[in-house]
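Across the two complexes that follow, chain A remains constant while its partner is chain B and subsequently chain C.
Showing the complex of A and B:
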């Protein structure tokens, strides 16, 4: 029966090509716009930590005076990060920031490259599930006793060492020799949730060096450096003891008990610092956020995107109302034919079902065409605006989502016209024949 | 003449079609009004001038990792060498680049005594020498430039003289002249900076900041392993100068990286990218929405004509002129359009208010819903007249036939 209805639907569509085309066009444009904005929204709002989202916790401290900033800063001061590293409550933890260093190899003809470098602790790689091709992270002892070791990524390894196993080789960073201990696989979570301070949609760093080297090598910070206090900072040691916020801090916990325990530990830390004259604000406290909360409070998804998704939803609604009107027109025009079918024995349910199949077919066509629009507009936008690929790939779920929304929307729009047509009295139309 | 009464009774007899059209128009007005408002707001933002010669000025980054050199004399030698290159108008080191999205900002203390001292608005801080103004291409409207002997080298804390933008001067000292005023980089009395000049316009780096037009230039040549260099050159010479500057600098000392040559006009493009993107997507939406609404309208009119063939034939037979038939359809749709437009306008204002409260959007200006309704009336006319002309051609004889 379904296929018979499909056949009837196809015939009916062919009979009114203009009206049918109009409907398919309307729904496809609605779907196209919706999928375009939804796709970007989804890619932005993705939680790249997956099932580790609850285990990874970002730490913030309200260390400013009472008249300073009115909210938690996203980063910590170096002195707080230094003290927090001493806690043995979390399973793993890392302090970090981004710097930039000139890269050279042992080849004297190699033109130096300036690369961004993440200065971090050995736990970083396990915490954020960084996959390795060769070697592994530096030893945990390096986090306290600085050693010149480095982890590089696959792309840089390809560029410098033609992709071969480079463990044990020397890399010069700012003319200092570092021993390569690990090569990571290409890995770049999007959004780059562990450091959103200078934009959440960037590639991860190519080079990783131990945090313990920072006071020795005096790495400059390439990230945000925010101070609530007017301090003059003329040397690196002044920077390290200043109230400037520039270090990101993450811990890993196994469960809520451990998280609560760490919260308690931080509470004691704040109290202890207050005795030393810091954290001079009634609101002084520590704040813990898991990855999901972190993405939320840092507003990783820009407002513009939310507005666009909302407006495109309304847009789809207009397309549906438009389609509803056209369907009504189309079906009512066919009332005499339906009258005949009803007179020779078709039940109301059958008439209803027949028309819903037709509506579904139009919706399906609209969905497919809409996917094409979405793909076209995304490629156009990415070409014209030079957007990150991570934001403009048509997500796989959209291939299913687009026809589903289209058919569902069409069916919703079709219920009223189909009901109107199946509930008309056949005799009225038979008389006028 | 307008036959409002029979039209209204026609509308009332068959409610569902017109109601759907009404809903569609209400939603369209609400969306189009808000979308075009956001578009025009973004375009206004993007239209603001930075005050600099954007097509002439470019910056690049210089990273010296050689620890065994005298950085100060190295940088001075570099800048001199760049100024001597053909095509180069002027050059200066800088702490930041206009519209680049990153840089230095600070507030200062001003006032005549410790009690009355207050903080200024936040302002972008450019550190540079007496060549800075000419390099940026900004216009000095009051006071003077730094004298060569006033310019100091080294730490930002040494600054003693400043040139401020007109916007910053106005925000800080109102209508009073800024020349000769003192502002403090520390608390009142600490690290005084004397204002010697005012430039007409110089924007900072962050285009979404409220204080974008606030800038100060301080008399310091920074010495840092990372140095940003601003160069002003003839239009179109960037590609060639990029080569020449890199070669010149590396010839002097190989142990450094010279990179990221970027015109301010390119910074502008990048920094406004999201606004441009928003405006583009919304324009796409508005155009498609109007297209769909008018096609839907035309479709409905065509359907009505077919359904009313007999009625039209009868009216023609009874003496109605062709234009009477057309005006019947026009008035019918104008009624829907105006009613929908008024309700849609109200919904648009509501939607605007919602957007304003949830997101950082300004208040919807009333002209936008009004203009949208006006545009919709024009569109209705076109969408109705084309099919209605066909209806007017229906022969009176049709009325006498049975089908």
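Showing the complex of A and C:
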């Protein structure tokens, strides 16, 4: 019976091509806009760590005094990060922040670049699954015994060394020579969950240097620096021993047992610090969040975006109301035919179903066209507003979602017209032709 | 076969209540050919629609084939319409976008027959009305008489026990009307019960039994006395003997019918 209805629906659509096209257009525009915003929304709220989400844990400490901030800060102080690095409970761990350095090669004609640089530990690359094309991360010993080594990404390697294997070559950062030990593949998780302090939707840094160099090279922080305490900081060593929060801290655990063990370790750390006069608040504690929890706490999907999705949903609704009117006109014009069908044995349910199939078919067409709109508008958005590519590719699930939403939406719009046509009394339409 | 007891039908519109049928009683036996006449607006179509389960009624009891119709849900009444009843309308009411075969196929689709069975029945039904050769034509390519024959084929395809026709010859000239009438007679001979509303007194006379609806009631009751079907209907020799409640002379009654038909 379904194929009979499909056949009837197709004939009906062919019979009124203009009206049908109008309906397909109405729904496709609604779907196009909805899918565009949903796509952006989904990419913004996607968990970029995948199945490692539970293994990667962000660490926060309530180290402030009792009348200071009323929440955990997203970052740690240098002294806490320094102490935490000594724990041997986590499988891997890294302290990190972003700085900016002038990049120079051995080529004297090369105009120096100012690049942002991530100052981090060797574990960073394994923890966040950074793929390498050449070489690897610096040795673990470098995390304690500072060595001037550097990891760069594919794009910078292309720019500086024409994409050749540059391992062992020298890169000058703020005029200091660093030996290149690794070149990473282009890699930029979105959102950039391991550092959301300066916006979650930027690209990953191009250059990575050892955290152990920070006190030696006195790298300035290009990220957020927040302090609850009034302290005068005149030198880098004062900065390192201050209560300023500016270091991101992540650990990797294998399972919940290890996570609990680490939580215990941190609890003892907090108690120990309290003996030293720090963490002077009844709420002093440590907080661990996996990637999913981390994105949630930091509201990585901005409120604006939710409103945008809501608005586009509203727009879809307007398109549907429009379609409802067109469907009603179309169906009611067919009342005499429906009268005949009813008289010769079609039940109300069968007439209803017949019309819903037609509506569904129109919806399907609208969904496909809507995908084209969405694809077009996303390309346009990225071209005109120079958005990151990550935000403007049409997600694969959308190819399934768009027709599904379109059909569902069309069916909703079709319920009333289909109900009207199936519930009118057939005898009224049989009398005259 | 069909039994209506004290049926009444009231149409309620904004201002007026129309009593289309009042205290309507009728029994129709299996195999009968009943012609229904009556003045315009007297309730003939209303009666036929109720008989065909297209419309509900306000009061009374209606049994079709022993089934009480008063409290059937939509699905059940659709099934009965589909399996037991065939409809023929004055305006033919073919679906214009479908070709003849597809039109005849419609009730079979709802019946749930498979493709082979549908094809066989469509072929058979169109052969019965002599239009099997034009299966792929659209209704608009046929004359009125031919269209009505297709409509009859559509009604026949489901092999109904019961055929309801509302002025089936109303839009046809007398030649065509006679053809259609002959077709109906043959169908009746094959065992199908037929109720036909008509304004044409001559056609009505050819039926085995005549009833007249006046003002929503079965007012005039006309019937052949015994085995009419075997005697061959529709010849002048078989002029009906009229039995009237009001004891009117038969000629006068016939006169009245003819006048109504003419008006």
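We adopt the following convention: the second predicted complex is superposed on the first by the 385 of 433 C-alpha atoms of A that agree within 3 Å, B and C clash if a C-alpha of one lies under 4 Å from a C-alpha of the other, contacts with A are read in each partner's own complex, and residues count from 1 in each chain.
Basically, a residue touches a chain if its C-beta (ideal position, glycine included) is under 8 Å from a C-beta of that chain, and two chains touch if they have at least 3 such contacts.
Quick caveat, the model's predicted, so the values are computed rather than measured.
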item	value
Which superposed partner A:220 touches (first chain B, second chain C, both, neither)	first
First (chain B), second (chain C), both or neither touched by A:337	second
Touched partner set for A:396, first chain B, second chain C, both or neither	neither
First (chain B), second (chain C), both or neither touched by A:275	neither
First, second, both or neither for A:162, with chain B first and chain C second	neither
Chain B versus chain C as contact partner of A:15, first or second or both or neither	second
Touching partner for A:345 - first (chain B), second (chain C), both, neither	second
A:427 touches, of chain B and chain C: first, second, both or neither?	second
Per-residue contact with chain A, leading partner among chain C and chain B	B
Touched partner set for A:4, first chain B, second chain C, both or neither	second
Touch list for chain A against partner chain B, complex	18-19, 22, 25-26, 29-30, 33, 36-37, 100-102, 112-114, 174-175, 220, 230, 232, 234, 302-304, 306-308, 311-312, 314-315, 317-319, 321-322, 324-326, 328-330, 332-333, 377, 381, 384-387, 416, 420
Chain C-facing residues of chain A, complex	1, 4, 11, 15, 336-337, 339-350, 425-427, 430-433
Of chain B, residues touching chain A in the complex	16-17, 20-21, 23-24, 27-28, 30-31, 34-35, 38, 61, 63, 65-67, 155, 157, 185-187, 225-226, 255-257, 259, 273-274, 276-278, 280-282, 284-285, 288-289, 291-293, 295-296, 299-300, 303, 306-307, 355, 359-361
Residue numbers on chain C that touch chain A, as the complex places them	45, 49, 52, 54-55, 74-75, 78-79, 81-83, 86-87, 89, 91-97, 106-107, 109-112, 154-155, 158
